[in-house]
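Scroll down for the structure; my scribbles are underneath it.
To keep things simple, chains are lettered A, B, C and D as they appear, and every chain counts its residues starting from 1.
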Amino acid sequence: MNLNELYTELILEHSQSGHNRKHLDHANCSERGHNPSCGDDITLELICDEEGTIKDASFTGSGCAISQASTSIMIDLIKGKSKEEAEKLADIFISMIKKEITDDEELEVLEDAIVFKNISNMPPRVKCAVLSWHTLKEALKNKEKS
Amino acid sequence: MNLNELYTELILEHSQSGHNRKHLDHANCSERGHNPSCGDDITLELICDEEGTIKDASFTGSGCAISQASTSIMIDLIKGKSKEEAEKLADIFISMIKKEITDDEELEVLEDAIVFKNISNMPPRVKCAVLSWHTLKEALKNKEKS
Amino acid sequence: MKGFNVEEIRKDFPTLMQKVNGKPLVYLDNAATTHKPISVLNAMQDYYEKFNANPNRGAHFLGVSATELYENARERVRQFINAKSAREIIFTRNATESLNLIAYSYGMKFIDEGDEIVVLISEHHSNIVPWQKIAHMKKAILKYIYLNHEYRLDMEEVQTKITDRTKIVSLAQMSNVLGTIFPVKEIAEYAHSKGAIAIVDGAQSVPHMKVDVQDLNTDFLVFSGHKMLGPMGIGVLYGKKELLEKMPPFLMGGDMIEYVEEQTTTFAELPRKFEAGTPNVEGAVGLKAAIDYIEEIGFENINEQEMELTAYALERLREMPHVKIYGPIDLKDRGGVITFSLEGCHPHDVSTIVDTCGVALRAGHHCAQPLMKYLKAPATSRISFYFYNTKEEVDIFIDSLKRVRKWLGYES
Amino acid sequence: MKGFNVEEIRKDFPTLMQKVNGKPLVYLDNAATTHKPISVLNAMQDYYEKFNANPNRGAHFLGVSATELYENARERVRQFINAKSAREIIFTRNATESLNLIAYSYGMKFIDEGDEIVVLISEHHSNIVPWQKIAHMKKAILKYIYLNHEYRLDMEEVQTKITDRTKIVSLAQMSNVLGTIFPVKEIAEYAHSKGAIAIVDGAQSVPHMKVDVQDLNTDFLVFSGHKMLGPMGIGVLYGKKELLEKMPPFLMGGDMIEYVEEQTTTFAELPRKFEAGTPNVEGAVGLKAAIDYIEEIGFENINEQEMELTAYALERLREMPHVKIYGPIDLKDRGGVITFSLEGCHPHDVSTIVDTCGVALRAGHHCAQPLMKYLKAPATSRISFYFYNTKEEVDIFIDSLKRVRKWLGYES
């Protein structure tokens, strides 16, 4: 993987633009995710309605370009989806990173997030890319319980 | 150093004959010496008279041929000597082993004990050869104090 | 023995090709440490020349490679002992440190006043002294299981010593003095039935036989790399995840933390929680290469070769007058370690004399003083085989041993 | 610089001759670990091929040789740091283990409720977390000395923090983040005047400058072999004999005992009392070869080369907009470690981008989270030199760093 594939325009746009980086006043679900070894630390906030649809989502925190972009791209993707759909997408994303799913057609549902497909060739950055997706899964799991 | 030099007739005689290996009923000085790592363990007993002459000496305990012979040869040497002389001999013996004294004339006073001169070429056996001499020094030192 | 050719194998071991005192080296001290095949030395050299870095930390190429090599080695160890998860494999310095880790961490947390810790009388000091300390600090009781006259365990004795108050049963799978292989699976099961945990010291077994932690159902297993063709300075602690997770960390420092504040710290997940400071990647890489070598030879071949040598050596030793053997005579459940004494000859004299014939054996208490005292044997000699030893070496050893009493002035 | 030719020297280091991502490797992560000269690799290989054995134990040829090599290495370390006696040199696994040994042994015995342990805010986790544990267990107080705005110590702050209740003052001679060299001699003296002992963490200083324990009059000194050209898995604890003698043993097992009975044990004399289990002879042999290499280069040359590189790198970094340096700018009492941040760029992105240019640097908290928090710098990048680095490498690094902000989408 070379730098052109890693720091694509899409990734830079998302890591620098702040459109999903904010505090949601009426969030009814929030989850912190962090990588102690590299210092990435995000808090994901969700507003889910009664039917279980993710009406809004945002994040705060700090981290590298990869973790920030991955978070922002994920938020764009899951907004308006049901909790089940969101969870499914997170699973597909994680499987893509683990190279368990490689078929582009199957990955199509990830939309822009497919840009991280080759990050597994850069082992130290894998954690950065998957952080928000794991955090999303935790958030939905905890929401379930409460 | 080859085995001929190590297991000389003199050494074998001393290690096998029991002439100094006994318990002294009227010992007024006794000292234990041991090498935990190889298991040599001897107790030296002395009878010193008022003038400080070593009237009799013996040892008990167990150990390898070298430690046993060295002990027995030492006892033969120090019997009848004054405490000061005995201590001096122990120092000369130890210096010989450390190769600090190499001149045969200087070593002559050690009599038979000179047979251990080359033991320093066999590092694992050095401890066996010097055990009794260190024990003697300890014994005399403690006798002094009491 | 499929594809097993000891002469070919010996060519992989430069140390074995040496002369000592003008004679070919006959190395029979494998229970102390083993020699290293070229493949292990090359793996370490290669690591230093191409990948050397501090793992877990750097995002740079070398750091990534070192992390990968280190974690691959962990996975290789997992496979080798069939642990469920690589997170259950902690790299330590040696078996001794592994046992200390369990004692300081598990022992200090879970042992209370009046609890019992049970070991065998034949244990290595490394599996005794740490427990003495815990017993002393916690006012617990350290109990010994004694052996029968065949140097083996009676289950009755086991059942007398392991009671409802027993919290820890710790024993070597194979004795480094007697060569006895103990039924650790049965003992672990009995310990569990009494609510105790079982610790297996595999220092002498893991190099010589397939050890499957799930089959044994042991709670912990410890062993050292240097006794199984690997380098010095690397050892392993296997522990069941549930136990390791509830244990406090032992050594503290870099790499084993999550967040450090001025006054408090949260700890990393397994296995890093127990690996403080810069890890010994070289050691892990060497251990992996050693496991590769061992598995290529195959435990079946290893066992066959070692048992043939052991049978032969026992036979020849028993023919000799003045020789007393400490350990089982029958080959069932015993390994290639033979401890003996030669009447009237101190083991250090034995060592010195056979050494001049190139034969390296071990003299002394073999780090098992309580056993020596129990056997009333102040010091003994020991030979111990690995698969690279030969029958000719046994002959050379026996010939050299035959000369000992003459050298020491006996008639015969 | 007398006889110092960096290009010639680099030929001794196979790792440095490599290409990474198609570019020559520019290794600037020497504070994490250093590369090994061929002489060190050869010394270890030679040891395994000719002398490998368990030291202290065997009376056979290999055992004697291994013991000799191991003890020669100890004596070499003694000379190197000018200890009074080789018995004051304990071989450990790394600096982290050495610090834990002091904490568990000295700390557990001599620290009582209300006592104070004082460290610098810039300490490595290895010199913080063990003390947190002791403080917690003993209800003692862990206090931090803060730094001034030049990243240095004010003696007033030192004198405020070290009080009559202070029992231990422990600090790194050189910070692995800031590069600051602290006046450990003065601090040890002040600690002594208050009845406290002084521990010097030499992990970053011993590889780069002459450290004389008698001159510093420190009670303990710790360091790691792998940061000074030696192998991984070997470290050193120096302690004053009077202190080591009154400390209880730490790890228990083979080699550190005198007599083991079923219920009690007497311990060996120094240094073996603190070295449980089979020692890492390979590591000791490698460390000795590393010291030989370092002394052949000479600390004067090492210092001159490192300071030239540091001055040049600081100058070039300061020319760059968006760069902030954490650490003293003037060269007095500072070493070749430079920590910095690049505005708007996360250090992991920095690492990844410069890595594609072959440059290996370190990103993160550098095992000093309390310092990072104190400096309000969540994560930074770090370069660190050893004498084998060159000015050309600094240029390559600066060029690669200049590309980072563009890659991350900034205009300049």
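Note that in this section a residue touches a chain if its C-beta (ideal position, glycine included) is under 8 Å from a C-beta of that chain, and two chains touch if they have at least 3 such contacts.
Predicted, not measured: the structure shown is a model, and the values here were computed from it.
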Ask   = Of all the other chains, whose mean CA position lies farthest from chain D?
value = B
Request  = Tally the contacting C-beta pairs at the B-C interface and at the B-D interface, and name the larger one.
outcome  = B-C
Ask   = Taking each chain's centre as the mean of its CA atoms, how far is chain A from chain D in angstrom?
value = 39
Where chain B and chain D are represented by their mean Cα positions, the distance between them in whole Å = 47
Remark   = chain A to chain B, mean C-alpha position gap in Å, rounds to 81
In chain D, residues with contacts to at least two other chains = 57-59, 63, 257, 259, 348, 351-352, 363-364
Task = Would you please write down the residue numbers of chain A that are in contact with two or more other chains?
result = 37-38, 124-125
Key: Contact set on chain C toward chain A in their complex   = 56-59, 63-64, 67-68, 257-259, 268
Inquiry  = Which residues of chain B touch chain C once you look at their complex with the stated criterion?
reply    = 2-3, 6-7, 9, 12-13, 15-16, 37-39, 62-66, 122, 124-125, 128
Query = For the complex, which residues does chain C have touching chain B?
reply = 346-349, 351-353, 356, 363-365, 378-379, 407-409
Ask   = Within the complex, which stretch of chain B touches chain D?
value = 36-38, 123-125
Query = Inside the complex, what are the residues of chain D that reach chain C?
reply = 14-15, 18, 20-21, 25, 27, 29, 32-33, 35-36, 41, 44-45, 48-50, 52-54, 57-63, 93-97, 99-100, 103-104, 121, 124-130, 132-133, 142, 144, 224, 226, 231-234, 251-257, 259-265, 276-283, 348, 351-352, 355, 359-364, 367, 369-370, 373
